[in-house]
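A quick write-up on the structure given underneath.
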Amino acid sequence: MTAAETLAGPVNPGSWQYRQLNARAPGLSYLSDALSALVEDGHPVMAGTADLQYSNGLARFAARYPDRFIQFGISEQNMVSAAAGIATTGMTPFVATFASFLGLLCCEQIRMDVAYSALPVRLIGHHAGIALGFYGTSHHATEDLAIMRSIAGLTVVNPADGPQLAAAIKASADHPEPIYFRIGRGQEPNVYDDLPDFRFGKAIEHETGTDLTIIACGTMVHPSREAVRALRASGLSVGLIDMHTIKPLDREAVLAAAERSRIILTVEEHNILGGLGGAVAEVMAEAGTKAVLIRHGIRDEYSLIAPPTHLYRHYQLDAAGIETVVHDILS
Amino acid sequence: MTAAETLAGPVNPGSWQYRQLNARAPGLSYLSDALSALVEDGHPVMAGTADLQYSNGLARFAARYPDRFIQFGISEQNMVSAAAGIATTGMTPFVATFASFLGLLCCEQIRMDVAYSALPVRLIGHHAGIALGFYGTSHHATEDLAIMRSIAGLTVVNPADGPQLAAAIKASADHPEPIYFRIGRGQEPNVYDDLPDFRFGKAIEHETGTDLTIIACGTMVHPSREAVRALRASGLSVGLIDMHTIKPLDREAVLAAAERSRIILTVEEHNILGGLGGAVAEVMAEAGTKAVLIRHGIRDEYSLIAPPTHLYRHYQLDAAGIETVVHDILS
Amino acid sequence: MPTTAIAGPAPDPMGAGRTPTPEILAPEILAPETIAHLEERARHVRLETIRLIAIAKVGHYSSTFSCAELFATLYYDAMRLRHGEPRWPDRDRFLMGKGHAAVGLYPLLADWGFFPKELLDGYTRLGNPLGDHPDMTKVPGVDFSSGSIGHALSAGLGMVMGGRMMGRRFDVYVMLGDGEMQEGQVWEAAMAAAHQKAGNLIAIVDRNGYQLDGQVDEVMGIEPLADKWRAFGWEVHEVDGHDVAALATLFRRLKQDKTRRKPACVIARTLKGKGVGYMEREAGWHLGYLAPEDEAAAIAEIMGQPASPAIAQKDAAQGDAR
Amino acid sequence: MPTTAIAGPAPDPMGAGRTPTPEILAPEILAPETIAHLEERARHVRLETIRLIAIAKVGHYSSTFSCAELFATLYYDAMRLRHGEPRWPDRDRFLMGKGHAAVGLYPLLADWGFFPKELLDGYTRLGNPLGDHPDMTKVPGVDFSSGSIGHALSAGLGMVMGGRMMGRRFDVYVMLGDGEMQEGQVWEAAMAAAHQKAGNLIAIVDRNGYQLDGQVDEVMGIEPLADKWRAFGWEVHEVDGHDVAALATLFRRLKQDKTRRKPACVIARTLKGKGVGYMEREAGWHLGYLAPEDEAAAIAEIMGQPASPAIAQKDAAQGDAR
């Protein structure tokens, strides 16, 4: 089924939304399609958004399952608390909006109504990090991992790409805790093929190395992989771990890497405080590992505005930048 | 001037509020009195709260300076954004509510309107941690340090007692950044005498030790000090640092302690993830210190309900509990 | 008014297991016994509130007293519930925006057999599930946790929507404080409920005139309140919140009307502290503690005996457990 | 209607330094030249919007077009401003809840001499201060940052309160989207503004009927909107948001009334995309990008020449810069 078939109502095949869903952000379709697969498997899932059904592609799901979709308008907090109410009736709601609004604006509703109440709500924070480029700080989310990680009883996942998101959503069917999924803008190149193996809390080791191991998450896995390839080709022993689950963190993976490598470099599209770097620091400091940690990401500042690719270059969050960072560390 | 003189309107000297302000939570008067001192020194400060003027004692300030007080009712988010608007006109607003509502419910307004906008707003999150005992999780704040710490451009302070709060408020007059003050319920015994020395970002070393150094903040400084006294009396070399400023963290103090002691123990009335323990972990892991870190606090769970003193005992967050924790570590 | 004296935890005159079936009762036939029963249940709420707060040593007497008749009417006349089955999927739901009045709800939940009555005796003590605010993860019969004012109407709307998707029809009652009207999320939910034509959502505003810092109209005025709800697309009913007959009639009428597509807002005019004179007159009682020696007098007043002049002067004794 | 053709960045026919002093102008004497000037300024907003979005390669044409006359009337008739003095303490303030229309505001701020016009040419490029949303820390003349819909009315109320404490009186204008009415914080602020008798606070709702996901009434209905504001204690004025004469008259009247104790809400009925026919007809243009070959035609249409039939069929070209 193409998007043209799934879209109903005001969206016509020649329109801007159509192209957005299909051409501009191909990664977006994974969310709707993974949810549709859950419906087809008989799971009682539903979806909701807060006036962003084209940005997150849920328009596709809404067209297919209009009875399982709720449009909340621009009221994110109502959406999250209502999702909790929905979850009490036996449905599993997936609610999506920009990560800045979900992870920050709704933080208290998430703690109280979702995480503390231990309800199977799935929160999808999309366009996380600085993916919204020149939309500016209001639309950036470089704090959400730190915030969500501080909330007890919440699983925090930052898939690297659409296929991994789909795999995580599939795996979520049996996951008892509420989940915060942090995703990008759907324009990232894929790291994985369709429905890769996925286990919550089980990191994926791409490469092992003795000089340095990169632990990356989310949108940073792809450029890190490119960087690692180049670095290895130049003779450096650099490892790479995809730490898709920020919480619960795969301690063993961190400790094994810290055992093997002199240096651990975390790479995240997030403040270097409190997020992936913070989580890895806690494990390393408590274990008293010999390796030292270096955190790469947004250095506790507000990003400039510019198109996202320009920002990734500026903040050395693209493959070339990460490669340079590693070279600088190792020399 | 006694509270009886400062309180106006519906509060009469024989009433419940009167006693709350004077007898039950003597620590509360420091906030109002420190603000009043700023007014008297000619600073353009004002105060606001969201239907909690008796819980935070601002009723005292309101009675003295009614023109400098705004009652926002139960709308915390409006209060924070309005405070930012107020700050653009040259006033310095101090707005106070329970830490759970300030640090969580208003997290996005704090990031966007206060911290990112770099406005001199002072946020007072009171009854932080589990100080609201059987009021339950909605009223507990064991995530606020992690959340506030992830926000760039915000100073995060957790004074140990009323006198230190007053000193920090006094020092804030020349502080360029917005500040989140995290305080207790005003019933904590004092650690310091009136207006102790205070510098943002400069930790206070109480004791040095080689076996272990406790780094504590906020309400945990007093019981830690009691515990350290007992431990030292029993022959152990245990140090104590009051890390009142969580951000910017006093790196030098952490590194010096980690140089001297085998073990660093952080003690906070907060989740052990992302808060003081998290901040210290980041410094230690990046420096690759030989010392190991142990984090004591709320262990990524939701507190039981009970009167606060019962909870402190249960979670080993009183002097006896901390002493036991250290004994267990060192044996 | 019935004169039976009730001391301590009250017996259950109508039998705890009764499932009210208001659909088949016309409003007109509200029998005197029913009224007496509901009034007795409201008194039970007040007496139990006093008993439990004596354990906690601080609590929300006055917030609970203002909605005692609402609790009674909902739990003993309006709502469809099954004794001993707190998770019966077709039950009506009850949510409390003003969760700090939960102390008055717990005795009714125990009465419905949702948990053992003995639990009440450990109210707020370490390990006991019953705290100042209701907690669905701990207390069977609590349909949703609260404590942060302003979330409950959203959660209630979610239950309506979820019920719709699951093919179940039940009514969802959400009790809100009048101070709660100041929280923006309430208006997000109000707008959404009207948009979703949530006819089985019933908001009840306990219009007791006070919030923590004083009179609502002085702290942050909310009037004209009925106009607000109407402008947000709700059907509005104003009622004396201490008149169980009026309340029961109204709730029955709302329940019978299965075609309603607008959510309904009941503005219940109440007195904060209702039942104990000096609490009605002193806003500071929002949070307080009755000294043991005052308990008996307060109980006597609730039971219908006039309060002594000495008591009428009292203000709240000091709680130390906050 | 004036017929002067304006290409590219427009000249400033009335001189950029003019400080409007509407207090002394009675509404009746709104001269034809004034009307023509304001209409020209509105066209300038639209033309500059097209020019700047061509740099960004994606942007909010239609959200800006709906409020072009509002921008023009506020910045060239209603507001008290001083050329070159963006931080003049007594200036009137302007805040944008719908910050995504800032692209239309920047040219006016440049025109007021708040920053060099050359900055416009680097709109959204790395290092440039001008982004999709207005940023007070970067752009002189922006009174408050926005982007997260729903904060602005609170911030504007804060300015009123702060001004009061500082002994200054200025007016605060807050422009809100109609979709923005769904954010609860707007109603918190609305309630508080009425409570605080913030007579110098003026909210303007750009009632263009659309939000991101479609028609406001379908996404999440907000009507009866005027009733909502009235019930929240505001004085409400409804006006044709593209009629600069009506707007100027209304804003002058509001400014002259110094005794008003109620905040005022102006509901401006507008067309989303106003000025370019196919944008008016296609909601998808909320965010879009005019292919370079369509630019000239859109400009022609804005300048008053009929659009060609081919153009009327168009939908938004693809932006790649999001």
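For reference, chains read A, B, C and D in written order, and residue numbers begin at 1 within each chain.
Methods note: a contact is a pair of C-beta atoms (placed from the backbone, for glycine too) under 8 Å apart; a residue touches a chain by one contact, two chains touch by 3 or more.
For clarity, every value in this text was computed on a predicted model and none was experimentally measured.
Without subunit A, the contact network of the other chains remains one piece. With A-D and A-C as the two chain pairs, more C-beta contacts join A-D.
Averaging C-alpha coordinates per chain places the centre of subunit A 35 Å away from that of subunit D. The geometric centre of subunit A is 42 Å away from that of subunit C, both derived from CA atoms.
In whole angstrom, the spacing between the mean C-alpha positions of subunit A and subunit B is 32. Subunit C and subunit D, compared by their mean Cα positions, are separated by 46 Å. In subunit A, the residues that reach two or more other chains under the touch definition are 72-73, 75, 77-78, 100-101, 105, 108, 112, 116, 137-138. Shared interface positions of subunit C, i.e. residues touching 2 or more other chains, are given as 145, 147-148, 182-185, 188, 191-192, 195, 220.
Chain contacts in this assembly form a complete graph, since each chain touches every other chain.
Listing the residues of subunit B that touch subunit D in their complex gives 44, 46, 67-68, 70, 72-73, 75, 77-78, 80-91, 93, 108-109, 112-113, 116-118.
Residues 56-57, 99, 124-128, 131-133, 135, 145-150, 179-180, 182-184, 211-215, 219-220, 282-285, 287-288, 315-322 of subunit D are the ones that touch subunit A when the two sit in their complex. The touching residues of subunit A, when paired with subunit D in their complex, are 9-11, 14-17, 19-20, 23-24, 49, 51-55, 59, 71-75, 77-78, 100-101, 105, 132-139, 185, 304-308, 310-311, 314. Across the complex, subunit A is touched by residues 89, 136-137, 143-145, 147-148, 151, 154-163, 165-166, 168, 185, 188-189, 191-192, 195-196 of subunit C.
By the touch criterion stated above, subunit D contacts subunit C in their complex at residues 181-188, 191-192, 194-195, 220-222, 224, 227-228, 230-233.
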